[in-house]
Amino acid sequence: MTSPNGSTDVLRVEHISKRFGTVTALRDVNLRLAKGEVLGLIGDNGAGKSTLMKIICGFHQPDSGRILIDGEEVSVKSVDHARSLGIDTVYQDLALINELSVYHNMFLNREPVRFGLLNNRKMRALARAHLDDMGVHIPSVEVEVAKLSGGQRQAIAVARSVYSRSKILLLDEPLAAMGAKEGVQILDLVRDLKARGEVSMMIIVHNYAQILEVCDRVNLLQHGSITFDRPTARTSVQELTDLVVAEYRAARNGLRSV
Amino acid sequence: MTSPNGSTDVLRVEHISKRFGTVTALRDVNLRLAKGEVLGLIGDNGAGKSTLMKIICGFHQPDSGRILIDGEEVSVKSVDHARSLGIDTVYQDLALINELSVYHNMFLNREPVRFGLLNNRKMRALARAHLDDMGVHIPSVEVEVAKLSGGQRQAIAVARSVYSRSKILLLDEPLAAMGAKEGVQILDLVRDLKARGEVSMMIIVHNYAQILEVCDRVNLLQHGSITFDRPTARTSVQELTDLVVAEYRAARNGLRSV
Amino acid sequence: MPDISDGLRESPAPADVAGRPAPDRPRLLRRVRDGFLRRREASVLVVALALGVYFASASEAFLTGDNMVNITQAAAPAAIVACGIVLLLVSGEIDLSVGVVAALAPFMMHYAIDFWGIPAVPAILLALLTGTVIGLGNGFVTVVLKVPSFITTLGTFYLVTGIVLTTSGAYPAEIPVPVDNQIGQWLGAAPWAHLAWALVIVAFFHVLFIRTRWGLHTISVGGNLLGAQEAGVRVGRIKMGNFMIASTLGAFAGLLEAFRVHTIDPNLGGGTGLMFTAVSAAVIGGTALAGGSGTIIGGALGALVLAELQNGFNLIGISANPYFLILGGSILLAMIANVYLSRLRRAGKTT
Amino acid sequence: MPDISDGLRESPAPADVAGRPAPDRPRLLRRVRDGFLRRREASVLVVALALGVYFASASEAFLTGDNMVNITQAAAPAAIVACGIVLLLVSGEIDLSVGVVAALAPFMMHYAIDFWGIPAVPAILLALLTGTVIGLGNGFVTVVLKVPSFITTLGTFYLVTGIVLTTSGAYPAEIPVPVDNQIGQWLGAAPWAHLAWALVIVAFFHVLFIRTRWGLHTISVGGNLLGAQEAGVRVGRIKMGNFMIASTLGAFAGLLEAFRVHTIDPNLGGGTGLMFTAVSAAVIGGTALAGGSGTIIGGALGALVLAELQNGFNLIGISANPYFLILGGSILLAMIANVYLSRLRRAGKTT
Amino acid sequence: TSDSGTNNRPAASGGTAAAGGAGDFPATPKWKFVMVCHVTTNPFFTPTQYGAQDACALLGTEFQWTGSKDSIVAEMVNATNTAISAKADGLAVAVVDKAAFRQPVSKALDAGIPVVSYNADGARDDKGTARLAYIGQGLYESGYALGQRALEQVDSGDVVGFIATPGALNIQPRIDGAAQAIKDSGKSIKFESIGTNADITKGLSIIDAYAQGHPNLAGMLAVDAGSTQSIGQVVKKYNMRSKGLKVAGGFDLVPETLAAIKAGDLDYTIDQQPYLQGFLPVVYLYLYKLSGGLLFPSETNTGLLFVTKDNVGPYQTTKTRFEGSDTAQKMVERSGAIGHAS
């Protein structure tokens, strides 16, 4: 169970399959994540990236296959269970509760408590600090998240996990709604986390430049299977784009030239 | 009321301001969109981009200022009213109805009708064609959108407007969740529309490379006002990034070197 | 039923990504069966049929024509009102006053004919219109003044109750002579009138719900209010309209019932009783209380299930006190079975 | 009230992006006022006070101590049950059976003491526990078997009604001797017992709701079920717990009422009556029927508003038939005012 | 017929009335009496309210009709307590629960408010309160009479008793009384009580279903107006008279019930003279107040009358306040001999 670089993989996914009714979302997926590694996962829309992530974090149950954490097989029963195993997730749909304030959302299900009561003061202070860290401006941490802009909402979801001190972070398009500045800032944060070497991350990103900036390795998920796995050092935006887009480009250009 | 290039502006926004409670989202915003032009709108998260869009499309009412369509002042009373004026919008939150099928969502509030009954057959066929056009694979157009992946959902929202034959299209981060291939394909679609010259578009995008690819002009919204307006031909990704990110980069690097 | 559940378990896979070829079983049969199973009403229908089979075996009177009339008469008012309630619930609202509107409508007809000298047909239309206007009022207060519909219609409930009681002196009236004839027969006195009206109305609203823009927009409004607004759906109009539909149907059900029981009773509808039955029927039929999804036919079948339970146990002759016990138990059992069936259905669904 | 509405219109702007400096009015006063206005219960409180002022001017008996006891006794059971109902509604569920559980609980106490020879205090605990167990059953069928709670608790409603009627012979029983003493006084017979219990329970659940993880998770579950699940909130546990809370509070309210009216009546909660009043109180207080938001104190104030209306119009001497008319009209007026006030409040809110 | 209106003002003034007083009674304050009922909107009590209204018009007093709509004791207690707080001048309470009203009635009496009970007076073994007098006919007793009368026509077989709301205090005692009467007779009759519904439309369906499931019924009884009228309709619908049904009867005088009696589908219905249950309490309370307590309200049995095919005529042909079927004041002419036991 040791990865090429000699260290034990914190996460291994083996032969995972998943169907929704008649839709096969994942077919015999294998994937590994080394300690301290940042893995980029790319693929077409509907390729099954989010589904894979939701299986690892216990939200979905796989139809077959197994998951190993630190080399030990576990059946991740629920999101709560995954958290107790040190896995935390930023969902593509953000999983925010519109009715709650920014700071309550940021600490949802991980609320600091004092004498059985919520420690709101602490949550507020930390929430403000985290958002400042990410360069995201929000009118007030007490406002309901329903009233926030798309990027502000995403920042909250990202902050929720990134500051959770989990050992495995799964980030599903964490930068999709972020502005240029905020995107850079969050990538910096990811690099900081990586530098400390305690956290392993799997990030789904559609922007290949960003992938190359922070990831150690990149996997391509196509039609429910991993079809490409290479260290970022040995690939380029062009290669990745070609892998995914070339086919279409060619067809399109052919069409145009007709 | 003629723009520098001699043609009449299809859309002018003058001195628009908007507050939400104590949050000032927009402050004296001026903006214009020429016929056939594609305008890129960029800005930090929470800068007010979506708010501006929602005012133009009649979802919000401005506190002050006015909107001119084809040189005539109109007060856009509702989204429905805006549509009748030829304005259509892709919202950042997509505005999909989870409970409805893909094809019903795609034609929401613009359903083809025969003898008073929905023409489902037509909707299904068109929906399939549109999605194929955009290169987005979806199990079936009859599935409820709740079951789709993030990118598939966005594709539906984009298709809804892009194929609406409106004369002004407002697209709020239409590529945020799109994969590389699908993103390219949608940008191609935008270019096709532009080539036909009938549609004017305002697109909010955080990815500056994409902006330069399709936009004629780019506006920067900062803290509720337009602070930068230049044809894309006379700017670059670097300049835009510097405009927005430089400040932070400098601070960050300063911090690092400490 | 081994056949059905067998079918439910199997998953035909034309849209399968893996491209598994479709098995070469007779296609038409399969399509009919799939078509049935894909309908969300399928499970309630199975429950309704199963109850029918049970009661038929428990009492031979169950399947007699007379008793069919009785069941349809018991089910029809709830089914009719449920059409309106489904639309309202789906669009995210509720109407508590629909049952007392049912009580008011026949009184309006009575006043119009006996006190104001209005001829039969206009009097009946006036009675229906009263319902429409009350619905409009509910819609106005809810949509424009933004009072939650539960409270709006609670207020209307008391208001209309008060109107019925004060104007009638809380005393029943007789069916006016000008309508106590063929008209009355058509409107509820004849044995099969209830069934006929229920079928027509349910069919109409079923088509309205699934095949018109109104239905689609009703779902949109209840499924994602903000999204519907963003898409330009005229949210207020949809809600108001549904309030008016529900109230008018309430008035109509009241007329049907008044003609059937041949008296105009201030307590017709049992206060919140009819509303309660209709909401129960809607929810049993698969309509979500929280809005966004539902079915008209399901609501009608829900009303049928409730009517069967009521009729069957009374046919058997369960005494007053244990009756409730048995009714409660069977509602729970039937609905657990219903949920189980629809889970099977979903598991076997194509999409 | 010009002062208040004046205040409501003004929007203090500490978080203003434009950085408008805060006006130099006395800060403490402003903070107290803002704190009040920021609370969503503010508008219902204003309505409750306004009603109080109106009735006090219409009848001098309104403000007497005796009548205060009347009002608190009328409001307390609904306020107590509303605590549970608010939690349930916020988490996206409902309990129709809570009123008949209130009827069952005192009978359980009666059976335990008089038939099974259990001492007073354990018998009372047993009565409460009966409620808890019924809540657990409701939760199980709803959460695990996935029957919509409206239907689950409709079944439970009939089931428990049947249990009450069959075991009691549909006849009232007397308060058992071992509790017809100081215990009974504490539990509802003493004039101010209702108020005391209501205050304690409302305060407890208010804190539970706004200051504990339970409350937060209740909101999450009702506001965004999928999101809450994704965040790892134990959705099933929250819902089950809230069912148990609601049913237990129903049982407790039933005991209070039985001791107060000094009889154990099979019709104690009036079937769905108590549930209806509690849900109305919750919604009046600002709880959304569709889940995701609500307030405990609002629910209690809602119960107070309803009790005031009932008491006030009775005091003035309105007879039954017009009473409903007037009640309906005033509910509508009061709630339109309420919505108007809370819109003013929101307009003036800081965030 | 004179229509002196339904307002509450004193009717005709004749003789030498003291200034402002009714008739030749001295001037009195406009006393306000509160009547607490268990089913305020039930048609049974419509004539009761007219009776109270007429008495108030006669005597220059006023009354309030309140209580519970759905026989909820707590609501009645609330209404009673509120009346005491409002310092009502007199109280008439339908004491449907022997334990619940003891304290409120005592409290009223302590406060100097005279209290009578009407329509219901606690349980058989315990009148439950210290009220000054009872005006009415016991619910249980009337139910007992219902059963006894049925026994005149039935000796064996199945008899069913329909009750709209099992456990409700206004009718549960009636059905218990009927059951007891049949039990006391020692005849081999199987009596079963069946719940119908407060909503008459549901009730009719339920009675219809029961009749179909039990075609050999010997008797059908009901204890509320809705169920009674529905029995008549079902008997007619299935022509049960020709299938061994020996007796059908119930309570109250709503039009459809009277029509069924006339047609012979129902044998009898019980008239409890609800008008008097409203008229007399007001008169008694007035006299008590007027006489400073010297004229003590007297126990009054308002009686119970079986309306049958023989005497249903006048009930049907004339709509009157006395039966609740009309609001207008008018004199009902009658002629001929008055029926009596020989």
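All chains are identified by letter, namely A, B, C, D and E, in their written order; residue positions are counted from 1 within each chain.
Assume contacts are C-beta pairs under 8 Å (C-beta built on N, C-alpha and C of every residue); 3 or more make two chains touch, one makes a residue touch a chain.
What you are looking at is a predicted structure, and each value in this text was computed from that prediction instead of being measured.
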| item | value |
| --- | --- |
| Interchain contact steps from chain A to chain D (minimum; 1 if touching) | 1 |
| Neighbouring chains common to chain C and chain E, by label | D |
| Relative to chain A, chain with the most remote C-alpha centre | E |
| Per Cα centroids, the chain farthest from chain D | B |
| Whole-Å gap between the CA centroids of chain A and chain E | 74 |
| Chain B-chain C separation of Cα centroids, rounded to whole Å | 43 |
| Euclidean distance of C-alpha centroids - chain C vs chain D, Å | 30 |
| Length of the line joining the C-alpha centres of chain B and chain D, rounded to whole Å | 46 |
| Touching two or more other chains - residues of chain A | 22-23, 93, 139 |
| Chain D residues counted as touching two or more neighbouring chains | 15, 17, 165, 170, 320-321, 323-324, 350-351 |
| Multi-chain contact residues (two or more partners), chain E | 41, 69, 166-167 |
| Parts of chain C lying in touch with chain B, wherever the complex brings them together | 15, 17, 207, 211-213, 216-217, 219-220, 222-224, 226-234, 292-293, 350-351 |
| Complex contact set, residues of chain E against chain D | 32, 34, 37, 40-41, 49, 62-75, 77-79, 81-87, 97-100, 102-103, 166-169, 172, 176 |
| Chain B residues within the chain C interface of the complex | 59, 78-80, 82-83, 89, 91, 93-100, 104, 108-109, 111, 113, 116-118, 120, 139-140, 142-143, 160 |
| Footprint of chain E on chain C - complex, ascending | 59, 61, 64, 66-67, 70, 73-74, 77, 161, 165, 169-174, 257, 260-263, 265-271, 273-274, 307, 310-312, 314-321, 323-324 |
| Residues on chain C engaged by chain D in the complex (per definition of touch) | 92, 94, 141, 145-148, 150-152, 154-163, 165-166, 169-170, 272, 276, 279-280, 283-284, 288-291, 320-329, 331-332, 335-336, 338-339, 343 |
